[in-house]
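Scrolling down, you'll hit the structures one after another.
In the two assemblies presented below, chain A is common to both, partnered first by chain B and then by chain C.
Right after this comes the complex of A and B.
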């Protein structure tokens, strides 16, 4: 029963990632656009949302009730927010800690946002400057690979926590036998 | 500068949006379409049913009921179809963009079965219609489905 469930889950992962990849390829058409309201300012329009004509429709792609991905695009920036699968309390805590660890080091990732958007676990902010420095298709590969690896990482962390707990409990209770 | 501001606001102002048909007329039309779609699904002719559902979609209105009614109709057709490839092969290319908008609406619902179906359809439609289809679906802020 569990093997079949895992297989079904894997079945929707491919189309989910393909959909996100295709949508990102379409949404990541960014160009430099200095701020219209303030002189000499250049802001990512998707964050401020001051002018409606500069924003595209936000796209929400859900895989199921627990996992979803919000893609908001504008003329000079793109924001991708991801909610990862959290099956139980332990995965909830692990995901929160792990993604907070990554978000705190957002400087080195460049495209990561320091705080995730409300309702999501982690967010990326890609601006036209990133697209000028880096390849667009490589940026998309990074985001999609990130999504694939996150699930694996959290499963590994969960496994190691459970193994460690079992070992500690065995050692501790040995003294009473 | 003041002129530009006025122009920009009038283009996007919801109040100045001219509605050619009243919501009641649109809902009556959608009900007529739903009877036709049920008939076509019983035969079964899935491609024609989908075309009927997508044709004259209420994009030119702001009324949420009309949009929901048409979405329910499109959803009904998509759930009833068994053969995804055949369905898309027989579809009129002009309706690709509107179908893509409905697929994104389906993906936003979060319901597992709907999302599963919409993801598969999205992949097939992207192979057929190309990236321009997605671009038109996300950049069209006026004709929302």
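Right after this comes the complex of A and C.
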């Protein structure tokens, strides 16, 4: 039973990630753009949303009801928000703690956003300056690999929590036998 | 490989411009300076930096080098523009009174080099001319009509018409006739007598931001690109123009250059210049990419069974890490294309075969169309 479930999940993972990769290739066509509203400023337009003509249509890619990815793009910046699969309470807590750990260290990731967008678990903000310093195809590889690894990490964490819980419970109850 | 010399000059190049005899090139290495290199078009030459122009405070967004008067005009995100002239061994800057309150995004000398136009984020275009009495450059502003930042400006060969593209997705043609600077006879264009700042045509062909307007050598055609991966060709620009739009399956383009009346090269986020041509009926089509791209190495499987097994393996479990690789000469977006044929050698019948592209990967690449294995294009050239 479990094996079949995993196969089904994996069946939709590849198309989901390919779709995200293709969308990112198109959406990550960013360029330097000086702010129209304030002189001498240069801001990521997707965050401020002051000029409607500089924003592109946001795209929502859903793998199923629980997992989705929102890609919002503009002339000089791109925001990717991901909602990670959370099947039960334990995964919920683990995902929240793990992603909060990563977001707090957003400085070292450079493209990560400190707070996820409302309704999502984690967000990336990629600006034209990132594209100038780093290769665009490598940035996309990073985001897609990140999404794959998140799922693996959370499954591993869940497994280790359950194992540890079982061990602790066994040891504790031994004193009563 | 159609590419001639490849010169990696900085981490990122915003814009570049060549001088009259193609012996020097001015680039902006994505900061507030302009670097001038002693260059040559031969593939194995090493370019040597000779001057650094250091007056601007923010990113220099546009450079243009006037071939006859040897003056360089630069514009920057700090709302200023300077005209530089070579005196002895130093470049002296003259401030231009632009009267802008937002960043300047692009600049181009007029064909007669007595005027130049600056596009800005203030939704205005400044047309500047030299005032002898006060010894500075003064501007006249075209304030109306633009709804958003102007991305590029292009002068018609008659020194009066000016095309602009903007992030409101439109391309507009204005009259930039200035009394006292332009002769009275120049005011009569295909549109009749026109006053300064009058909008003559508004082209609404793209659905997304438009970039890279460029006129053909005779001024009969105009081309510009849209961020929705389209390229638009307008011929017989006048009261009744004809337009042809091509929707491409590739990533958006950023800049275009007319090589002749029937050939155009465009570059953009694909990092590969594209050649377009028009046939004898005036219909523009895509011809080919100019860079020979090597396809990624395919992993070989010996038998059909092994290939099928490999497919299932890939579908289910740990997928092989997908390594994307680049195989074009430019590793990042091409932002500017410039002709490499001196003005004196340009003839209407002789299409240009040498041009240079600069991009966000910091490379200036020289392309020689004579090396392109495109016999068909050469036949019709």
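Simple rule for what comes next: the second predicted complex is superposed on the first by the 177 of 177 C-alpha atoms of A that agree within 3 Å, B and C clash if a C-alpha of one lies under 4 Å from a C-alpha of the other, contacts with A are read in each partner's own complex, and residues count from 1 in each chain.
The criterion applied here is as follows: contacts are C-beta pairs under 8 Å (C-beta built on N, C-alpha and C of every residue); 3 or more make two chains touch, one makes a residue touch a chain.
No experiment lies behind these values; they were computed from the predicted model shown.
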Task = Go through the superposed model and pick first if A:57 touches only chain B, second if only chain C, both, or neither.
result = first
Task = Report for A:157: first if it touches chain B alone, second if chain C alone, otherwise both or neither.
result = neither
Inquiry  = For A:102 in the superposed arrangement: first (chain B), second (chain C), both or neither?
reply    = neither
Ask   = Is chain A touched at more residues by chain B or by chain C?
value = C
Request  = Classify the contacts of A:26 with the two partner chains as first (chain B alone), second (chain C alone), both, or neither.
outcome  = both
Task = Mind working out whether A:15 is in touch with chain B, chain C, both or neither, as first, second, both or neither?
result = first
Inquiry  = Which partner chains sit in contact with A:90 here, chain B, chain C, both or neither? Use first/second/both/neither.
reply    = neither
Contact residues of chain A, present in both the chain B and the chain C interface = 25-26, 29, 51, 53, 56
Message = Quick check: in the complex, which residue numbers of chain A touch chain B?
response = 12, 15-16, 18-19, 22-23, 25-27, 29, 51-53, 55-57, 59-65, 68, 73
Note = Interface with chain A, chain B side, in the complex: residues 8, 11-12, 104, 107-112, 115-116, 119-120, 122-123, 126, 131, 134-135, 137-141, 144
Remark   = Contacts from chain C onto chain A in the complex sit at residues 11-12, 14, 30, 58-59, 61, 77-79, 101-103, 105, 121-123, 147-149, 167-169, 208-209, 227, 251-252, 254, 269, 314-317, 319, 321-326, 331-333, 335, 360
Request  = Going by the contact rule at the top, pick out the chain A residues touching chain C in the complex.
outcome  = 7, 10-11, 14, 25-26, 29, 31-36, 39-40, 42, 51, 53-54, 56, 75, 131-133, 135-138, 140-141, 144-145, 148
